[in-house]
Amino acid sequence: MHRLATELFPIHRSLTGDGVRKTLEILRRELPALRIHEVPSGTKCFDWDVPPEWNIHSASLIAPDGQTVVDIKDHTLHVVGYSEPVDREVEWDELQEHLFSIPDQPTAIPYITSYYRRFWGFCLSHDKRRTLRPGRYRVKIDSTLEAGALTYADLVLPGRTTKEVLLSTYVCHPSMANNELSGPVLAVALAQWLAAQPQRELSYRIVFVPETIGAIAYLSRNLDAMKRHTYAGFQLTCVGDERAYSYLPSRQGDSVSDRAALHVLRRLAPDFVRYSFLDRGSDERQYCSPGVDLPVASVMRSKYAKYPEYHTSLDDLAFVTPRGLAGAYAVHTAIIRLLESNRRYRVTTPCEPQLGKRGLYPSITAKGLDGDVQALNDLLAYADGTCDLIGLCDKIGVFGPDLVPILKKLLDANLLEPIDSDS
Amino acid sequence: MHRLATELFPIHRSLTGDGVRKTLEILRRELPALRIHEVPSGTKCFDWDVPPEWNIHSASLIAPDGQTVVDIKDHTLHVVGYSEPVDREVEWDELQEHLFSIPDQPTAIPYITSYYRRFWGFCLSHDKRRTLRPGRYRVKIDSTLEAGALTYADLVLPGRTTKEVLLSTYVCHPSMANNELSGPVLAVALAQWLAAQPQRELSYRIVFVPETIGAIAYLSRNLDAMKRHTYAGFQLTCVGDERAYSYLPSRQGDSVSDRAALHVLRRLAPDFVRYSFLDRGSDERQYCSPGVDLPVASVMRSKYAKYPEYHTSLDDLAFVTPRGLAGAYAVHTAIIRLLESNRRYRVTTPCEPQLGKRGLYPSITAKGLDGDVQALNDLLAYADGTCDLIGLCDKIGVFGPDLVPILKKLLDANLLEPIDSDS
Amino acid sequence: MHRLATELFPIHRSLTGDGVRKTLEILRRELPALRIHEVPSGTKCFDWDVPPEWNIHSASLIAPDGQTVVDIKDHTLHVVGYSEPVDREVEWDELQEHLFSIPDQPTAIPYITSYYRRFWGFCLSHDKRRTLRPGRYRVKIDSTLEAGALTYADLVLPGRTTKEVLLSTYVCHPSMANNELSGPVLAVALAQWLAAQPQRELSYRIVFVPETIGAIAYLSRNLDAMKRHTYAGFQLTCVGDERAYSYLPSRQGDSVSDRAALHVLRRLAPDFVRYSFLDRGSDERQYCSPGVDLPVASVMRSKYAKYPEYHTSLDDLAFVTPRGLAGAYAVHTAIIRLLESNRRYRVTTPCEPQLGKRGLYPSITAKGLDGDVQALNDLLAYADGTCDLIGLCDKIGVFGPDLVPILKKLLDANLLEPIDSDS
């Protein structure tokens, strides 16, 4: 995952344009079934119109002495996203309104965009800004902002049932690692792992879109199918650093996505930080919006807008690590394993079954039982069909992925049966 | 409000009689639309009969030496309410059973009544009582206790819908200020404020009755209409002193009255004292009784039976202050403002709307949003039609009266619509 | 109760056999209406088969020097339950696999069984075991393990309605007092008390079975009737010592059995230990199993498997005391008294009734009311038919058995009426 992130890091992504296309092509190399789509500029998507396509070729700021003091060749963050083309000299005072830096983080280049108001600007470290001397500066931004398309990609892995898990991530930020590249590379790793499973109960929809307008465009084309089939969903973002885990619930807060995520986090990362949906900030804003109402939660490492490196050049591939990504991978695969078996089960006979004759119980009884026998007994004692596997695990205090093999033993012995419809 | 209370203070009110009539006449001077009603003695009202009308002309206790030691000319509390007429000498021992004082509050005259058993008696300060010397005393109580009527008044202010807010208070206590005059004068002030509004969403029923039997008589005549229309209700009592706020819930405890009152108190008076309906004591006993089931809560300052001055001559116009009354007025008007907009709202489009093109969103995004934009976003994110405005405010952590102008902006922009029926 | 336990103590009970029969005969002497039933070995009961009948005539272990070192004449616990017949010499090493003792409790004889795997063995104190010297030992177990029957007994006391309370206990343990004799003797005492009541609202089903297979056999014959009629139920076990009370909920946890038990324990034994259904271990495992779903809870003194004397010879008639049994009797009779009146009640008139004219209210009002008048008022104020008597008691904070006479006063005055169907 970290290697793929390294390959994607230097590409100049934005809401639209060739940076997104190039990124999605590289992802298709990893996931050959990935489908890439284009939505023409101006297309109406619910309350929005797809904006013009932006491409940036070069951008530099030249000091009165002729020296180039800022250049996107050095860092993609140096230009304000969606800057309009400019080629002229500006006075020192006017220039100040087009320069962005962070006094408190003097080595960091901030990340700034102006998608829906025509504007231009440069971002630079505050240390660098302090070296600039007053005078007339030359601004050269060679960009295009014209009719084109918005580009996104998706992939559906069918399972035994049409119940679908949505995994969504975004591909519209230039060179930043936790927010955003950790998301797409985790999505790729999960898709590869799912594709390799001999059997899937659930189907999986994996979506790579520019944030906000991309998710809105995607929903405007797929809303009915997604409302009909989506069983659970996760927004994949900020999953690459090594700090505490974070959990952002869906709007409902008690969907199966939330319950599975909480069940797994409580065991694997009990010191996780629990946010409210009021702290939302990524595409769950669209997926959970009233009228869309999908059960989309997020399990993150350091949450966007809550770590100092966020939206600056400090959010880089040293901050995101293989170990950080591996932790997020472990949590998400555990959640998926739990969801795959998450049906409602009922015992097939009144009273306890006789486990002894099936070799499932010790024949000489003294004090106490070992853990697995206890879990098996508890599962049988509570399996009345009223709650799903997550609910059963929470009731009997057993970690879901550990219970799955015991569950299978009881299903094989016909002592339990699923009672919910499975599509 | 304090001036009106001062005017009403000396009038000798009881359950029935000319004191109530005179009080209601003064209130009608302030609220010309007030309707005054009479219910004849003996009228059956559910399980009760309207008692005989009581009028008191004079009452005095004369010592063996001929000196008048107690006289209602000095204080209306000196005679036990509903004392029967007496004119005779009594022995010292018999007299003791007809004298009431409070040893722990030696300067206070207690308030005592005997509405439903024929009796007579005097109330006096314990200091005064200690000066009495044994001997035969002359008792002169010139009262009438005969067929007449029970008097009450009401006022309905119609709004756009027939959904009604009940504001009820009582007018049966002689010279006491917090319990009771603070209630009627607040009711008058709220009625005047409501009458002056250019538009009301809700209708208002404002009721002035003698406590208990008056409320029962009122309900026996208006129960069907009140059950059909009452949306919220508040018993106005003990709203005039400057101590902590008190909240007494309706019997259900989670009615819209309760939710609005709690929402407002948590912001405006966060140190309020929260009582249980088990602590009830005023006409919510009737309004919330099974079979009546109206959602009536009380927001008070010092609650009846919980402050030392209660039901004594110490509950006077020094204890009740203009500032105390103004606080209760502020809380009740905030509650009413919230109720006026308390409908269920739903967004009109899936996904977030594009606020930028409507000038509702900053065009250059960096870190964070200001408070109003955040509140506006949160309102849109949660407005799925499942809960009312109070519920939305509680979810997004915004004070309702502050959210109302933002709500109106979104309604004007057709981004939100109310979805409940409005009558 | 303690005397009856003393009589039953020496009998050699097991799952089946003459010890159970003799025990039930003695119980029938106390409860003439008791019905005794036999279920033939091999009978299919849900997933189980009734095991062969076991009878033990003698069992002894003879040392190489000819001395009898273990003999069930000394204690019924000395032989492993369901030991097959043996009469041979065994080597020292083989013998070790058939001897059971507890190193940490060197004076205690453990209780061991092997119901469903053919086996033989002896139990002895660790102190005794340490005196044995290596060598060939003679094993003489004169038992029979052959087709016969499983024996149980029950008793139904009909009430005004067919709603039934299940009281179940077990009779399959040899000489142990808390687990088990405290259960049957409490069941006998409760049955005698219930039989002596002039009138019962509810019916009572009192069941004496061998644990597990006995309860399963009983359910396999009575399931439909019990599912149709059972209103509440209690497993009676471990009710004889003087330590803290214990509460084990039904699987649902909020059944009327649970609510009545908790209501009573909170008042009579507020320091009780609250267990989870995960800690279950007696016949509630069958009664509460999915598909059976009866509301069976347990109120115990020291819970099985939680006190050191459990399943050893230390669980004797010194550990169980008359005072311990009397405490359990008091709690269970209070629970039954509460259940007998536990209907939903509604007031018969809107607004408060006039209590004064019925002599239910003091005629001169000052500050405050006494406790019973307050309870009566609160009962009337909350009796809206939405919750049962336990719910009302919990709301108004009154101990149920104390409220029953007040409730009867209001029913007699036609101020309250029950509104639920009563069968």
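Letters A, B and C name the chains as they come in the text, with residue numbers starting at 1 for each one.
Convention: a residue touches a chain if its C-beta (ideal position, glycine included) is under 8 Å from a C-beta of that chain, and two chains touch if they have at least 3 such contacts.
Remember, it's a predicted structure, so these values are computed and weren't measured experimentally.
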Next item on the list: Indicate which of the five shapes (line, ring, star, complete, other) describes how the chains touch one another.
Entry: complete
Margin query: Quick check for you: after a Cα superposition of chain B on chain C, what is the rotation angle, between 0 and 180°, in steps of 5?
Written below: 120
Next item on the list: Would you kindly state whether over half or under half of the residue numbers at the chain A/chain B interface are used by both copies, giving same or different?
Entry: different
Next item on the list: Just give me the whole-number Å value for how far the CA centre of chain A lies from that of chain B.
Entry: 55
Check: Among the residues of chain B, which ones contact at least 2 other chains?
Finding: none
Check: Within the complex, which stretch of chain A touches chain C?
Finding: 346-347, 349-354, 356-357, 363-368, 378, 380-385, 396-397
Item checked: chain B contact footprint on chain A (complex, rising order) -> 45-48, 100, 110, 112-114, 116-117, 119, 212, 215-216, 219-220, 223, 251, 277-278, 280, 285-286, 288-293, 305, 310-311
